[in-house]
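Note that subunit A is present in both complexes that follow, paired respectively with subunit B and with subunit C.
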Partner chain A sequence: MLTNNDKITVSQTVALLITTMLATGILALPRHVANIAGSDGWLLVIFAGITAFASSLIVGALVKRFPQDTFIEYSQKVVGKAPGFFLGIILILYFIFLSAMSVRVFSEVMNAFMLINTPRGFIIGTMLITSAYLMRHGIEPIARTGEILLPVLVIPIFAMYLTALPRADFSELLPFLDTPAKTLAIGTVQTAYNFLGFEILLMVGPYMRSPERVMWALYFAMGFITLMYLFIVVIVFASIGVEDTRILMWPAMSIIRTIMAPGGVFERLDALALALWTIASFTTINGMYYAGTLAAAHLTGAREFKFLVTVFLPWVYLISIIPTNPLDTMRWTRLSGMAGLVTAVIIPAIILATSIVTKKGGSTS
Partner chain B sequence: MTNVFSKLFSGKKRDIYFEMDISPDKNKKLKKNIKENEKQIHEYLYDCDDVITRDFYMGQMQKHEMALMYIDGMVNKNDVQEQIMKSLMLLCRNSPLEYTLGQNFFNMVKEGLLTAADVKEVDNFGEVVLGILSGDTILFIDKFEKALIISTRGWEKRGVQEPTTEAVIRGPRDGFTETYRVNIALIRRRIKDPNLKVKTIKLGRHTRTDVGVLFIQGVANPNIVDEVLKRLNTIDMAGVLESGYIEQMIEGDWLSPFPQLRRTERPDVVAAALMEGNVVIVTDNTPFVLLCPTTLLSLLQSPEDYYERWYIASMIRLLRFTAAFFAMTFPALYIAMTAFHPGMLPTDLALSIAATREGVPFSAVVEALVMVFSLEVLREAGVRLPGPIGQTIGIVGGLVVGEAAVRAGIVSPIMVIVVAVNAISSFAIPNYSLAIGFRLLTFIFIFLAALAGLYGVMLGLLWLTVHLVSLKSFGVHYLSPFVSFRFSEGKDFVVRGPMPSMEIRPGYTRPEDMDRINDRRHDNMEKAEDENADK
Partner chain C sequence: MISSRRFFQRCLLFGLAMLAFCIISACWDYRDIDRRIFVGGVGVDKSLQGGRLKISFLIPIVRAIAGGEGGGSGGGGGSGGEKPVIVEGTVADTITEGARNLALRLNRDLFFEHMRIVVIGEEVARNGLESVINPFMRQTEFNRRSRIAIVQGKAENIMGIKTIIEKLPSSYLDSLYGNASFSGKFVEGDLGDFLHQIHSFGGNALMSKMVPDTNEVNIGGGAVIKHYKLVGWLSEEEIQGINFFLGKITGGSITVDDPRGNGKCTFVILNAHRKLQLSAEEPVPEFELKVLAEGNISEATEGVSIDIEDEEIIERRVSEKIRNEILKGTTRLQDDYRVDLLRLGEFLHKYHPKLWKIYESRWEDLFPDVKISVSVTADIKNIGVTK
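For the complex of A and B:
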């Protein structure tokens, strides 16, 4: 079909999921949870992880139910041609919007820490072109890129934050459970959008070599991401304190600036960190952008997949430069979180429920 | 995009070569009359003054007319005299020949009289002419529509010497030569297995170069063998002078800076590759043998990785990986650090760099470009010059240019160090083509670093990753086993595991037979224990 018939393995799916979920958003996550729940913020990460995991299971169930189809096809099968088509368009718009937001957040971080005077158009443009270059090769190279970049990304991140450990003061995590349950509940939903990315399975599902093992991929990827986020949030809280975390724009980045690398080779690790976040954003954009183009290709029945990659490029760029300043970007990412709630949770849930009620899919395929 | 390029470069396809058959047809049969045959050959080879014809008569009655044809200098004259002429003219003069043998006379000559080892019967002009041109001697016998090709090939050739481009501390010292048969023999001597197959084809319309495809049946993946043969058969070019011609004709992605075939001068490397399921292409007239499929990892390996003990081999491998990274990015990282992110360096270091750069009129980028460029020129000059003068270049380059440039304040001493580390790193890569590819990328990385600092370097690395991930050599992932990593292959990867633990062959070629090493060291011990128990 489309570019190639290549299928991806389960381990490649895990890599694709983790690298898509792991995004620059993590840099702001400690501030976000600190603002909502103070020193209980790290609990939010766990709760949000569990919530996201639960919603990802819906997507997983859909993949298992329709192992041959993407969301575009089965939504039309389940709820009818016209509504399914409409849902497909929503999905495309959502993925395009999310890739635009990912690249925008990345450019904000770059402008804040590394390339202060570089126009953001340059950063966004080069990043998107790099991503489009990969897109043109199809699903298998994308998954393989994820597979290669995952260890390159994760191991240094852990190592980097571990160097902050000697100065960490874990009493900053106290008082424990000081936040009202209602705040925690609302905060959980608000935090959950940091775990978005698993919904690319709506499109990538049928490209798996063994879709029946999709749940394994989800257990592993969601568990890994939750632990990683928890680790970073705890380290940030313990290193600079909850109060400081609240006022910093990108606290997870700021603590890296305070780390002195062992051996004195580098004064600060922020350049290394930004190199890593470049990879993280790149893989996130890849996942979203690819899912969006794939959805469009399936929806229009287009033969030329590569052409669509190029068609979407200016649109992603234009959407990404809409926010006027970093704070505006933050507001827009919250909007993308809401959109994610609708697209990644509610719509799949409706489709799954309808398909169970109408007994479509499953054993037939 | 490839299409556009090929359209740009190829122009109109010239069919003329296919019509102009430069060699006589295989369907053109030999005549009965020896003079007619000779005349015909001279028609094909007119104005070829190096073709020698020797007419002579044989037997007591001098009744049998015969003729020898060969090219002067391509044959071993001693062989022609001793093995052919002496046996035909002298040794059997007094033996009573049956003149009534008729058709059997030809066989008598072939099987009973000639003392040469390698004799082949042919009946057409095509093979005769090719035989003459290849250095064989042709024996015509009057009244027979057949001729004998007697292998007398022997020309001035270089002996088996130590390969200069792939020296090792430990390992065999013999290297391939320019002679096809010698090269095949060097490989055969190492693998005495009837499953080692040698398929010879001739490539090049003018050169008719012998090209051998070697593989071990039952190990090599048949898909790869077929793919190699298929691609070789599409080659239609005027001449094949070196295996590089073939490499460039059959590689998959010619826009890539990375070599997609491995070349080696060492028979032991070829033998090892054959046992990993590789297909080997041996080309006449060059000591460089091609191995395919190729992975990035195999290009970063040296035969010593397997001859040395595993700790040492693993350490050297890790060193090479680091070197490969620095060979690409070191000047770029320096530029990014100093020009864009000086805050990242420790204050003392930043200050000392700033102090050495004081008085240097150029930016770090220009400085780096000047130095890397002059280093490339020095390297190139060093390659061209004969040995003793080559060393002078080293002194001129290292001392005069480096030292003087620093003294004159054109470049900073730190930049000299950076470029030197970069160059040394690239020399640590065993494969020259790969090292050159990395040095080419150095320039691109310098530009990227000048454009956007570390972000530019990262972009470059991402592009590189994407390119490498999508690159394939004969259907095999260029980055395997980094992609689709399997733990069993991990023993021969970044680290080279202890020899007894490497039980399977590397999986990148999907070999048919995976067994590599069976660890039987404990068999005897167990047997001894059993015997002891019995007693």
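For the complex of A and C:
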């Protein structure tokens, strides 16, 4: 059933997962957790990471059970043709919607910090065209791009936020565990959507050279992302305080502007930061958008997925310009969180449960 | 089939190349650097027309600063001719509107990325700061590293000073803050610190105070902001005491009578540590502050040589003096201004969250009654090269 013989290695899978999960939404994450749990916000990141990891195991189990098929095929095998087809359509819509939202959030950040007068459509358009260009070459170049960009992305991000340490006041993380357990529990679910991206494995799974090692890739990718998010949230809290974090639209970006490392060498890191976040959202869009077109190709049985990239391009664009302003974008991204809960957790869980009960897939098939 | 696809690919490639040309060559946000004015400082005053603001922008003239060095001709004489800065004032309701007003008079665009200082006039501060500080948070062009201060009198007067040591008043004002290692008698901080305080403590903040003169500015003392409004000033000694209390002392000096009683003796602070503890919870919280100040004896008039016994006496006197300063600062805040700039509420919130929940709602009424006991230890590290 594979339309493309390209295969990706485990390390490429890890890179693909990390770069897909690491999106511009992280810039708003500190505000999000500060609003829910105040100084306990950083705990939410850990809990959400664990929750997301647990749900990603469901996806991982599906990949292991059906190492030769994508979600489109095994959902039809498990729940029957028509319902499977329907689930496939949901998956495609979801990926399209998520790519639209991540490119939109990217354009919001660009508009807020650097390209103030540049029309939003232009930022979104150029980004999507670049992505589409890469995507036409298939999974292997995308994963390889992720592999190359990962160190370029991650090391400077860590280094950049480390320069905020001299003015960090870690007592801002206190009081510890002052939030009611119920708030923490609800907050965890609300925060978990920042970890979305692992569900591309639903489509990418069979393209792995060794699908049996998918769990290892998940451990590594999810652990890494959780640590990275935790690091950024803690640094933001410690350097500008919880109360300020609550009102800043993109706190993780704003603190870059307060950073002044000793000697004034790294006084202005804005440009570097925006370049890094451009890479981060580029890779996110690649992952999501590609998974969407791949799903469509499998669903329609098309021999080529390339033309679908072009077909989807205007739709992603049109969805991404629906929100009228940044506040509206916030509301829409929350919606994408809920969509993620359904598509990345509930549907795979149902499929997995049904396949176990009906003994389909895995060693029994 | 194949050739048409190749044709399509070529077209796409050509299109992308064209697009790249468009993106690389220019963009919507492109501005020539010589079309820009780098605003060095912003001053906000109350205007004579009721309710409006008079905003002054401190604008360095790049030509006058760089002139002479580049050409080589004229030398020292040339630099005297041109003023290095101009101050442009305008009346407007908001700061952004003021900046736009200037577009009618200045041919270049105002650019705030390199702004070093914001000064706010006393009258404006007494009426409330909310309206003034908002643009500095909302717009990304203002950076949170610039300094902010309240001026005794009018902010215009600060903008208009003719600095002697530095060419630019803005860099002079900014670097004044760098003297925290020489003196603890002013409030060190930037816009980011100020916004942090304002948001964390419900509109209360300790801000820098500036007093203008013709050629200089005095930054000693501090301004007390309560509920976004200026309520009064703190003297230099009180500020030094509060800085000790907050653990923000990185330098400064304390002068006491020397042990023989006929001269003075100066203790230069190298660093200071503090430890704050809650000693009682009921009926009002009681706090215990321990300060350890380390420093050198840099001067003793009267020409006495310092013995080991003298050293102890000096240490005792220095710690007594520091203690007095701290108490002066705390009583002023507790009795006169009744505003918790000692961050005791924050301390309770962070380290005793359960207790804070009880007191939070009536903290403002409770704060003046809070008991604070202070003990100071001074430690002489070095006495110089005379005995």
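Here, the second predicted complex is superposed on the first by the 353 of 365 C-alpha atoms of A that agree within 3 Å, B and C clash if a C-alpha of one lies under 4 Å from a C-alpha of the other, contacts with A are read in each partner's own complex, and residues count from 1 in each chain.
Just so it is clear, a contact is a pair of C-beta atoms (placed from the backbone, for glycine too) under 8 Å apart; a residue touches a chain by one contact, two chains touch by 3 or more.
Model, not experiment: these values are computed from the prediction.
Touch criterion met: A:I247 reaches subunit C, while subunit B stays clear of it.
Of the two partner chains placed around the shared chain by superposition, subunit C is the only one that A:T258 touches, whereas subunit B remains out of contact. By the touch criterion defined above, A:D178 lies against subunit C but remains apart from subunit B after alignment on the C-alpha atoms of chain A. When the shared chain is aligned, no partner comes close enough to touch A:M208: not subunit B, not subunit C.
Touch criterion met: A:A271 reaches subunit B, while subunit C stays clear of it.
Contact with neither subunit B nor subunit C is seen for A:I26 once the two complexes are overlaid on the shared chain.
When both complexes are overlaid on chain A, the residue A:A112 reaches subunit C alone and has no touch with subunit B.
Once the two complexes are overlaid on the shared chain, A:A280 sits clear of subunit B and of subunit C alike. Once the two complexes are laid over each other on the shared chain, residue contacts for A:T126 go to subunit B and to subunit C alike. Where the contact sets of subunit A with subunit B and with subunit C meet, they give residues 114-115, 118, 122, 126, 133, 267.
Contacts from subunit A toward subunit B in the complex involve residues 9, 12, 110, 114-115, 118, 122-123, 126-127, 130, 133-134, 137, 141, 144-145, 147-149, 264-268, 270-271, 274-275, 278-279, 282.
Contact residues on subunit A toward subunit C in their complex (touch as defined above): 39, 112-119, 122, 126, 129, 133, 171, 174-175, 178, 240-244, 246-248, 254, 257-258, 260, 267. Those residues of subunit C lying in contact with subunit A across their complex are 16, 19, 23, 27-29, 137, 140, 143-145, 192, 195-196, 199-200, 349-351, 353, 356. Interface residues of subunit B, counted against subunit A in their complex, comprise 336-337, 340-341, 343-347, 350, 452-455, 457-459, 462-463, 465-466, 469-470, 477, 479, 482-485.
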